[in-house]
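Here come two complexes built around chain A, the first alongside chain B, the second alongside chain C.
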Partner chain A sequence: MENNKILEINNLSVEFLSDGSVVRAVNGVSFSLKKGETLGIVGESGSGKSVTLNTILRLTESPSAVMRGEILYNGRDIFRMRKSELFKIRGKEITMIFQEPMTSLNPVLKIGGQIAETIYLHEHVGKEEANNRVLELLKQVELPNAGKRMDDYPHQLSGGMRQRVMIAMALACKPQILLADEPTTALDVTIQAQILALLRKLKREYDMSMILVTHDMGVIAEIAERVIVFYGGCVAEDAPTLELFNNPLHPYTRKLFGCIPRIDTQPNRLSVIEGNVPDPARLPEGCLFHPRCDRAAGRCRKEVPPLSEISPGHFAACHFSVH
Partner chain B sequence: MLNIFREYKMIAIGCFILSVILLTAVFAPALTSYGYEQVDLKNRNDAPSAAHLMGTDSFGRDVWTRVLYGARVSLTVSLTSVAVGLAIGAFWGLLCGFFKGKIDFAVGRVMDIFMSFPALLFSLLIGAALGPSILNMCLSVGIPLAPIFYRVTRGAALSVGEHAYIASAKSMGSGSFRTMFRHVLPNTAPQLFVVLSSSMGGAITAESALGYLGLGIPKPTPSWGMVINEGRQYIFDAPWVTGFGGLMVVLTILGFNLLGDGLRDYLDPKLKG
Partner chain C sequence: MGRYIARRLLIAIPTVIGVFLAVYFIIRLIPGDPAAIMLGAKATDEQIEMFRRQQGLDEPLSVQLGIALRNFMTGDLGVSIVSKRPVMALILERLPRTVELALWGIGLASVTGVILGVTAAVFRGRWPDYLITGASTLGMSLPSFYIALMLLTLFAVQLRWIPVIAVEGPGVSRFKTLFAPVLTMVIGNSALTLRTTRSSILEIMRENFIKTARAKGLDEWAVLFRHALKDAAIPIITVIGYNLAGCFGGAIIIETVFSRPGIGLLLIDAVNARDYAVVQGTSAFISIALIAVNLLTDAVYGLVDPRIRVEAAGG
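Moving on, here comes the complex of A and B:
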C-alpha cells in the first residue's frame, strides 16, 4: 500500500518575506499521490494551491522564499536533492503545464524547436530523431496540421493550440507525474472540454499520475479521482471525488458547493461565502475558516483543527466534522 | 534578404548608409590621389573644388582624404568600444537580473560607482592611465558604456524572468545558465538594440572628444573627431573642414540608429505577420 505512493508531501510550508512582513502562502500541507492516480486540488485564488504545485519542482525557490517540510518523490526528498539531480527530474520525471498558454512558450523560439529542446536536455538523440518525436507528439496532442505548425512561432497559434503545444512539451520525455496548474482556466469552454478529454486520454496512454490544480469544481468532477480542498494554505478536506461531492464534511466545502449553479434545482439566488480569503500576511488564530464559518464556536478561535480521517479515505480539518 | 529590405525600409536605408561608409573606409587609397598627411602650404583652407572635393584644412591637407582615412579609425573604435561595453554590461546585467539577491546587490553597487563618474571624465581617466593607442582608446571609450548596458539588460532580464515561459523552461529541466542565455537573453534583445544603436553615436562622439584632448589616436593618423577639432579654429574661414567631418559622424549615427530601430522591429516576432 505504502509503496504505491509516487509522491508524498509532508508538512510542507512556504513563506515569502516581503517588505518586512511574512506572507505564509502554504501552512503545513500534507498529502500524497498514488501511482496512476489523478488528484484534483481546488481552492480560491490565494489559497496556496499553485504555490504548492510549483514547490514540488522547487520553482518557488528564490532568495525571499522559505520552504519547510519534505516532498518525497519515490522516497527521495526533493528539497535535499542537488541541483543537478533536480534538473534531471524536472522535465523528465515530473513535468508541468501552466495556466497561461499565451505566455508559457518562449516567444522567440519556434514551437518545434522548443519541444525538441526538452528532448535534447534529457536524452542523447540526433536531430532527425528529435524532429520525428516532436512531430509524433504534436500529432498525439491533436494539433491540426502538425507538420507545418512545427515551424510556427507561439504567437501564430491560438490559446488552445498553445496549450496543446505545452502538453506536448510536458510529455516529451514520458514523465511519471504531470502537474497541471489550471490548464483550462484561460481557455473558452469548448476548448476546455477538448483539453480535459485530451489530458485524460494521454494520462492513460502514458500511464502517468497527475495533479490538477483548478478552482473549477466541474473540471474536478470531470477528471479527478480524489480531491483536496485548499483553504488559506492548508488542506481543509481530502476525499475521493464521488464521496466529496455526495458528502462534503468541511463547512467550507459545503459552502463552495452552495456557490455552484445546478441544473436540477432552481434557487432564486446563488449563495455566497461571506468575507474574504484570509490575508496570508495576517492569518487568523485557530481554524483559518472560523471568521466565515456559521458553526464557529469558541474552540475554533483558539485551536487549529487537525486533518483527521472521518470515514475511511475521507479526511477533514474541522472540529465539528465528526457527525 | 531582399524581402527584409523591402519590408523594413529602415534596415535598408541604414545598411546602405553604413555599407557606403564602410566601403569608402576600406578602399580609401583608391578613392583619393593624396596622402592623409600630405601638406600643401600654398593651398591652405581652400574651398571645395574639383581638385579637393571637400576643400583643404589649415595645413592644406585634403579633407576628403582625411575623412576617408578617419572613417577607419572612427568605425573601428566605435564598434570595438561598444562591443567592449556590451560584453561587460550585458553579461553582468543578465547575471544580476536573473539571479537577483546578493550578487545583484554587489554588482549593482560597483556599477553605481562607475556611473557616478561623468562618462567623459571616466574615459579620460582610463585613457590617461593606459596611454594613447587604438586598443586603449577602445577600452577607455567602451568601459564607461558598460553601466548603461548593465542597467538596460538587468531591467529587461528582471521583467523577462517573471514571464511564465521562464518558469516553464525551468520546469522542463533547463539549467540556470541555459535558461539565462537561451531563454532570457534573446528576449532582452529588443531593448538592447535601442541602446546599442544610440551608444554607437556616443562612442564616436567620445572618441572625438578624447582625440581633441590629445588622448586619442597618436597623430598624424586622422579620426573624424580630430578632423572636426582641427577645423574648429578656422570654422568661420573654412567651415567645410568641421562641416564635412561632422557630416560623416551624423550620417554614421543616423545609419546605426536606422539599422537598430529596424532590427528591433524585425527581431520582434510579435510584429511579424
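Moving on, here comes the complex of A and C:
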C-alpha cells in the first residue's frame, strides 16, 4: 500500500517574512498522492493552496521564505535534493500549470520555441524531432491551427489557447505528476469546461498522477477521486470525493456545501461563508476555524484539533467530528 | 511598418524647419557683428560696410531669412565666412570623428551598463550591488565637462599618455586621440543603462513567466539570460537610443575640452566667430541626426518586441 504513494507531504509549513511580520501561509500540511490518482484541493482564497503546490517544486524558495517538513517524491525528500537533481525533476517528472494563463508565457518568445525549450532541456533531440513533438503536443491539446500557431507569440492567443499551450508544455516530457493550480479560474465558463475535459482526457492518456487546485466544488465532483479541504494553510478534511460529498465531517466543509444544494446541479463557485478568511499574518489560537464556527466550544479556542482518521480513509481536523 | 516610417518622416520636416528658425534667431540675438569679429578691431567702418554688402548682411532680416530658408530646403547650407568653404564640406570632413566618438562611446557605455546592471541585479542587496549602484550615482551626478576636464588633467597633463589636442599625428595613434573622450562618454552614459538594466531585470524576475521558466527545470543563469534579459531588452534599448540621441550634445562638450575637431567643435568655433552659415548648417545637421536616431530606436523596438511589430503593421 505504502509503495504506491508517488508523493507524500509530511508536516509542511511555509512562512514568509515580510515587513517585520511573519505570514504563515502553510501550517503543517500532510497529505499524499497515489500513483495514477487525481487529487483535488479546495479552499477559499488565501488558504495556501498555491503556496503548497509551488513549494512541491521549490518554486517558493526565496531569502524571505522559511520552509519546513518533508516532500517525498518516490521516497526522496525534494527539500534535500541538490539543485542539479531538482532541475531534472522540474519540467520532466513533475510539471505545473498555473492560475494565470495570460502572464505565464514569455511575451517575447514564440510559443513553439517555449515548448521546445523544455524538450531540449531534458532530452537529447534534434531540431526536427523537437519541432515534430511540439506540433504533436499542440494537436493533442487541441489548439486550433496548431501548425501555424507554433510561430505565434503569446499575445496573439486567447487565454484559453494560452492555457492549452501551458498544458502542452507541461506534458512535453511525459511527466509522472501534473500539478494544476486553478487552471480554469481565469477563463470563460465554456472554455473552462473544455480545458477540464482536456485535462481529464490527457491525464488518462499520459497515465499521470494529478493534483488539481480549484475553488469550484463542481469541478472536484467531476474530476477528483479524493479531496483535500484547505483552511488557513491547514488540512481541514481529507476524504474520497463521494464520501466527502455524502458525509462531510468538518463544519467548514459543511458550510462550503451549504452553498451547493445538490451535486448534480450547475457547479457553483464556493460562495461566501460568513466571516473572514483568517489573516495568515495573525492566525487565531486553537482551531483556526473557531471565529466562524457555529459549533465552537471553549476547547476550540485553546486546542488545535489534530487531523485524525474518523473512518477508514476519511480524515478531519475537528474536536467534535464523529462518524 | 513602411507607412509608419513615412509618417514619422513627414512629421520630421516641420521639426527640422523649426530648429532652423530657432537657431536663426537665437544666433542673431548673441551680441557681436560677424563683420566686426571677422575683420578685427582695426577694421574701418568702410571695410565693415563693404564686407556686410558682400555677405548680404545689409539686407532686411526677412529677406536674409527667406534666402537662407530657400537654400536650406534645396540642400545648400551656404559658405563659411571664416574659411570660405561650403558648410556641407566642413560638416562631412568633421563628421567621421564625431561618429567615431559617438559609436565607441555609446557602444562601450551600453555594454558596460548592461554587464554591470545584470551583475547588480544578480547580487541584489549585497556588496557588489551597492558598489555598482553607488558608482552609478556618482557617474550620473558628475557633469560631463567635469569628467572630461578631470580625465584631461590626469591623462594628458599628469601622465602624459595622451595629447592635449586630440588630433592624430606622429607618435599620436588614433587610440590615443579616442581613449579619453570615449571614457568620458562611458562614465557619463553607462549609469542610466546600468540602472535601467538592473531595475527591469529585478521587475521581470517577479513575473509569472519567470516562474514558468523555472518550473521547466532551467537553472538561474538560463532563466536570466534566455528569458529575463530578452524581456528587459525593450527598456534597455529605449535608454540606449536616448543616450545616443543625447550624445550629440555631449560631443560638443567633449570635443571642446579635448580639442577634438569633430562636428561639436565645429559648431562651438562657429558660434564664437559668429559664422552664421556654419552654426545654422551644423545645428540643422545635428537635429536631423537626432531624428534619425529616434527612428532607428523605434525600428529596433519592433525587432525585439513582437507586440509592437503587430501594432505597427496594423496601424
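Following the convention adopted for this analysis, the second predicted complex is superposed on the first by the 309 of 323 C-alpha atoms of A that agree within 3 Å, B and C clash if a C-alpha of one lies under 4 Å from a C-alpha of the other, contacts with A are read in each partner's own complex, and residues count from 1 in each chain.
Here is the rule we go by: a residue touches a chain if its C-beta (ideal position, glycine included) is under 8 Å from a C-beta of that chain, and two chains touch if they have at least 3 such contacts.
Here the structure is a predicted model, which is why all the values come from computation and not from measurement.
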| item | value |
| --- | --- |
| Fit-or-clash call for chain B and chain C when the two complexes are aligned on chain A | clash |
| Which superposed partner A:S62 touches (first chain B, second chain C, both, neither) | first |
| First (chain B), second (chain C), both or neither touched by A:I89 | both |
| Which superposed partner A:P107 touches (first chain B, second chain C, both, neither) | both |
| Which superposed partner A:L138 touches (first chain B, second chain C, both, neither) | neither |
| Contacts on chain A seen with chain B and repeated with chain C across the two complexes | 54, 57, 59, 83, 87-92, 95-96, 98, 100, 103-109, 117-118, 121-122, 153, 155, 166, 169 |
| Contacting residues of chain A [partner chain B, same complex] | 54, 57, 59, 62-63, 83, 87-92, 95-96, 98-100, 103-109, 117-118, 121-122, 153, 155, 166, 169-170, 172 |
| Contact footprint of chain A on chain B as seen in their complex | 100-102, 163-165, 167-176, 178, 182-183, 186-187, 189, 267, 269-270, 272 |
| Chain A-touching residues of chain C, taken from the complex the two chains share | 207-209, 211-219, 226-227, 230-231, 233-234, 304-307, 310 |
| Chain A - residues contacting chain C, complex | 54, 57, 59, 83, 87-92, 95-96, 98, 100, 103-109, 117-118, 121-122, 153, 155-156, 166, 169 |
